[in-house]
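Here come two complexes built around chain A, the first alongside chain B, the second alongside chain C.
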Partner chain A sequence: MQFIVQQILNALQLGSVYALIALGYTMVYGILRMINFAHGDIFMVSTYIGFFSASFLLGRLLHLPGVIIFVLTLLVAMLGTAFLAVFIERVAYKPLRQAPRISAVITALGIGLVLENTTLATIGPEPRILPQVIPVVNFSIGGVAISTIQIVILIISAIVMFILDTIVRKTMTGMAMRAISFDKTVVPLMGVPVDRIISITFALGSSMAAVGGILYGIAYMIDPYMGIRIGWWAFISAVVGGIGNIRGAMVGGYILGFVEIFVAAFLPSTYRDFVAFALLLILLVFKPTGILGMPVVQQKV
Partner chain B sequence: MKRLAIPSRRPLLTAFVLLLILLLAILLPQLGILNLYLQQVIMYVGINIILTISLNLVNGYMGEFSVGHAGFMAIGAYISSLLTVLVFPRSWGPFIFPLVLILGGLGAALAGLIVALPSFKTRGDYLAIVTLAFNMIIKSVLENIDAIGGPRGFMGMSKLTNVAWVYIWVLITIYVIRNFVFSNYGRAILSIREDEVAAELVSVNTRQTKVLAFVVSSFFAGIAGGLFAHVLQFINPRSFTILKSTDMLVMVYLGGIGSITGSILGATIYTVLLELLRPLGVWRWVVGPFLLVILMITRPRGIYGLRETRWLAPAEEVPADATATG
Partner chain C sequence: MDRKVLTMLLVLVLLVSFTACKPAAPAEIKIGVNAELTGGIPVVGASCKNAAEMAVKEVNDAGGLEVGGKKYKIVLQVEDNEDKAESAAAVAQKLNTAGVLVHIGANASRNAIPASTVCEDAKLPMISPWSTNPKTTAGKKYVFRACFIDDFQGVVAAKFAINDLKANTAAVLYDVASEYNKGIAEIFKKTFEEAGKKVVAFETYTTGDKDFSAQLTKIKASGADVLFLPNYYSEVPLQVQQAHKLGYTGTIFGSDSWGNLELIDLCGADCEGLFFTTHYAPDIATPKAQKFIQNYEKTYGKTPDDVAALTYDAFGLAFQAIQTAGKIDRQAVRDALASITRYEGVTGTMQFKGTGDPIKSAVIIQIKGGKFTYYTSAAP
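And now, the complex of A and B:
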């Protein structure tokens, strides 16, 4: 029993990270109908931004308390990643908005490879871990170990997801996003600044990935290739939840977190990918648009 | 279709040139004029041409988005390696090699059929997801079967692939795919790319056509896998990850969608370029994709997209005017 509860806790922790990254995939897909394959690598870059800013802030200058360093690191990573994503969108994706859709996807794949290999070439392949800014304390409740890191991850991801959900559902910007995802040709006629909304979408989606990146970085090792694996898992989360649907991405993220942790707990960990992707295929056969996805009516490329 | 012979205008001249190249492909390595490194690069170029043409059939001609072709390549590679190492005596190798490759290709084609049947019920981006998942599953399965080496990989193949064999298979691939895309089935495939609903309305059996194209495509990916395994004499599941699939995508879109000439160009340029960039070390993996991004922004359809050289197009085919596709 304790074992199960422990695994549930681990699954929630990992699921939060997947959910946060999946949001970026799903938001961009919702608006541009484009799978942003570079998103996993943007997440990876965010962990490195976090790594360097945390290391810098910890450096002797000011003796800031850990919590403030953590918050600052989070903000720097979110801001830096948002700028990076908006820059990439402006330079690489925007010229391709009228081009065949696949060109944009290939460009995204290329951008992902550039980010990944630039990191590899400049920073090196060795795994690193974010400096300990949060004091790690392990509690034991009824035999279940829970650390401060896990608590921080669960609380912060819940808050951030709630804020995002509110932005998308309650604000004018969110309404504009939903409008664009509904019909891209009519919306500009209503005076919606499409380009600005798309940039905001990229900024929001990638700062979510940055939150996920920092939360991942304080708990696990980071390396230049993590964007591939974790990015794919987050992408699958978005699909499982129904790509284009924000709440679906959150649900999908937690489902994938549970799958990964429980497969690793009961089977050799090499079966992880196999089980996750087999589940995905089975799901797609029965529910082709994901759990919360809308049926697509005649969406020819 | 009236003319299905490969040289559309001068059959004798073309046959002569092709035979001459074959002769060179056999003789040059024998005489020691091509060193081993150059031979290796030429073989990789050839294998990549086969892969690119086969993926172009699905992604370029049919307009669907398959991202898991390395999975089919893996199946072909493993089946043919297992056959040459474990099933047939080693001395039979050179004689049995074409058969072994075809069996590998058929295995990949069967897998293609299994993937295609359920996945073509949905359309658009979901095929990308299904093929991606397929690729991951194949890699994961290969890693978990200990009898074929698991994650350590599988070795012991003789070096059966040589320049001549690669050349012959490249010719076969070009011949088959070229005749396929200019046949009635090919028209059906193109019509699906342009507008699936309209294609259905003019009584194209879209489902069957898509499955057929996918199976043909995976067959040739399997052949390329078999050739690849017998060049390297060592395969492991990590050779066939999504990165390999990405390479193939890059070659297809670099050369140009819906064009055999484009595929040949794309595969050649990309393979040779990566070899030339070797002195840059890790940075070559930055420069390569970066060039791709620039190419995509300036020429979204690739170098030779939706066009064909006179050499490959049938006589009655006016060089197809590039029309917008998705």
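And now, the complex of A and C:
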């Protein structure tokens, strides 16, 4: 019993990170019908922004308490990553908006490589750890170990996902996003500033990746290539949940987290990717649009 | 200026540069280094490159290497294998074509094994400083190494767990995708179980994983006395920290892939008091080793790790073999390398018994106060 509860906690921790990154894939796909393969690397860059701002803040003589440094780091990383994503969108994707969709996807792959190799060349290949701004305390409740880091990850990702969901569902901007996703040609005629909404979508999606990045950074280590694998798993999460659907991305993220942990817990870990991808294939055979996804045809009616 | 004049000028420039590139007599020996400068273990590559440059500089500063009554300048060609098996093989191929006399590297077994196949086929003498997997040299005539092999290291680790840590049950978590980790984990298990003890958890992961909580939860539930982590310094801190977070309290220990000071930076207090088996300990060094350590510290501002020391020894072996051979010829150098029976290196005395594998002692290091300190030795 303890064993299962412990593994569920492990899975929730990992699933939160996948869910946060999957949001970026799903939002961009929802609005542009394009898979932003640079998203995993944007996530990677966010952890480095967090690393440098946390190190900078810790080095000051202000003696800020760890919690404030953590919140500031989170905000700086979210802002910095949002600017980076909007910049990439303007420079690399916007000129291709009328081009075949494959061009934008290839550009995204290229941007990912540029981000990886720029980080590699300027910061170096060594793995790094985020400064410990949150004191690590390990509790044991009925034999189940929980650390402060785990609690922070679970709570913050839940709050942030709730806020995003509210923005998309309840605000005018969110309504505009959903409208563009529904029909990109008619919506501008209603006076919706499409370019601005697309920028906001990129900014929001990437700041979610930054939250994921900082939470990942305090639990694990960061390196220039970390975005590749995590990015793939998050992308699969988005597909499993139904790409284009925000709640689907969250569900998908947690499902992938559970698959990864439970396969390793009950089978040799070498089976992990095999089982995960087999599940994905089976799911897509029976429900090609993912768990919460809607068929595209329906939207075009 | 019209086009003709421009073309003529271009041809002239090319001709001049060609003749300028051609040295009159090649009084040089080229040595190639196949190192992990980027990828998963960049510090290993950096140490290897640093030590290689230092070894070559020492010889060149002394006027060059005297071979058959003639002085030769050593030229180094360092190539990055990105810590990938296929790149390591490609680098070996490239160095072979570039006409190096000896191939030093690769360091990690997962890169050294493919590189060794290329060198064996090309009849190019290769010395790996750090690859401890038996497959690197097994059945090969042109491949040598400067370190002991995992068959020995796994046994040392198992004996250490039984005798010094008084363990009855052990758990192992290792990278199943990497030759080195897998080899040593299996030998550890075999030796430990032959002594009548039990390996209660034998868990795996794949290179690049960052989350080990599922496996470590299993290991904690198994109640193992000790946890053996024969993994690279870039992953061990995460494994140790996650084990502690999950409430594992047994002693954790590892192998020579821990032997990098980066480990302490990444791991912090979590690694305090842990042990690992390795090639040498700076605090019990011989005079020759002391001199090497001092020079290295003066040049690079840090203590040399085991990769640096072993690379230096690999160069020492290469230089001695070239001198014994008495001529610049790969076959002769290979024969000279194979005939070395004893070599005093900075990592201790190596004895060769007709194979590419030296017989040498291992040391066990404890991490104490943020430093690697000598704990005990284990003779073969």
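Following the convention adopted for this analysis, the second predicted complex is superposed on the first by the 296 of 301 C-alpha atoms of A that agree within 3 Å, B and C clash if a C-alpha of one lies under 4 Å from a C-alpha of the other, contacts with A are read in each partner's own complex, and residues count from 1 in each chain.
Here is the rule we go by: a contact is a pair of C-beta atoms (placed from the backbone, for glycine too) under 8 Å apart; a residue touches a chain by one contact, two chains touch by 3 or more.
Note that the structure is predicted; figures quoted are calculated from it, not measured.
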item	value
Which superposed partner A:Ile68 touches (first chain B, second chain C, both, neither)	neither
Which superposed partner A:Ile163 touches (first chain B, second chain C, both, neither)	neither
Contacts of A:Ala145 with chain B and chain C, given as first, second, both or neither	second
Touched partner set for A:Ile106, first chain B, second chain C, both or neither	first
First, second, both or neither for A:Phe262, with chain B first and chain C second	second
Which of chain B and chain C A:Ile129 touches, first, second, both or neither	second
First (chain B), second (chain C), both or neither touched by A:Gln13	second
Partner chain in contact with A:Met221 - chain B first, chain C second, else both or neither	second
Touching partner for A:Leu280 - first (chain B), second (chain C), both, neither	first
Contacts on chain A seen with chain B and repeated with chain C across the two complexes	120, 268, 270, 272-273
Complex interface listing, chain B residues touching chain A	59, 63, 65, 118-119, 121-126, 128-130, 132-134, 136-137, 139-141, 143-144, 151, 195-197, 242-243, 246, 249-250, 253, 257, 281-283, 285-286, 288-290, 292-293, 296-297, 300-301, 324-326
Chain C partner contacts - residues on chain A that touch it in the complex	2-3, 6-7, 10, 13-14, 120, 124-129, 132, 136, 138, 140, 145, 147, 149-150, 220-221, 223, 225-226, 229, 260-265, 268-270, 272-273
Residues of chain C defined as touching chain A within the complex	38-39, 42-43, 176, 203-206, 208-211, 213-215, 217-218, 220-221, 234, 237-238, 244-247, 262, 266, 268
Parts of chain A lying in touch with chain B, wherever the complex brings them together	33, 35, 92, 95-96, 99-103, 105-107, 109-114, 117-118, 120-121, 228, 232, 236, 239, 243, 268, 270-274, 277-278, 280-281, 284-285, 288, 296, 298-301
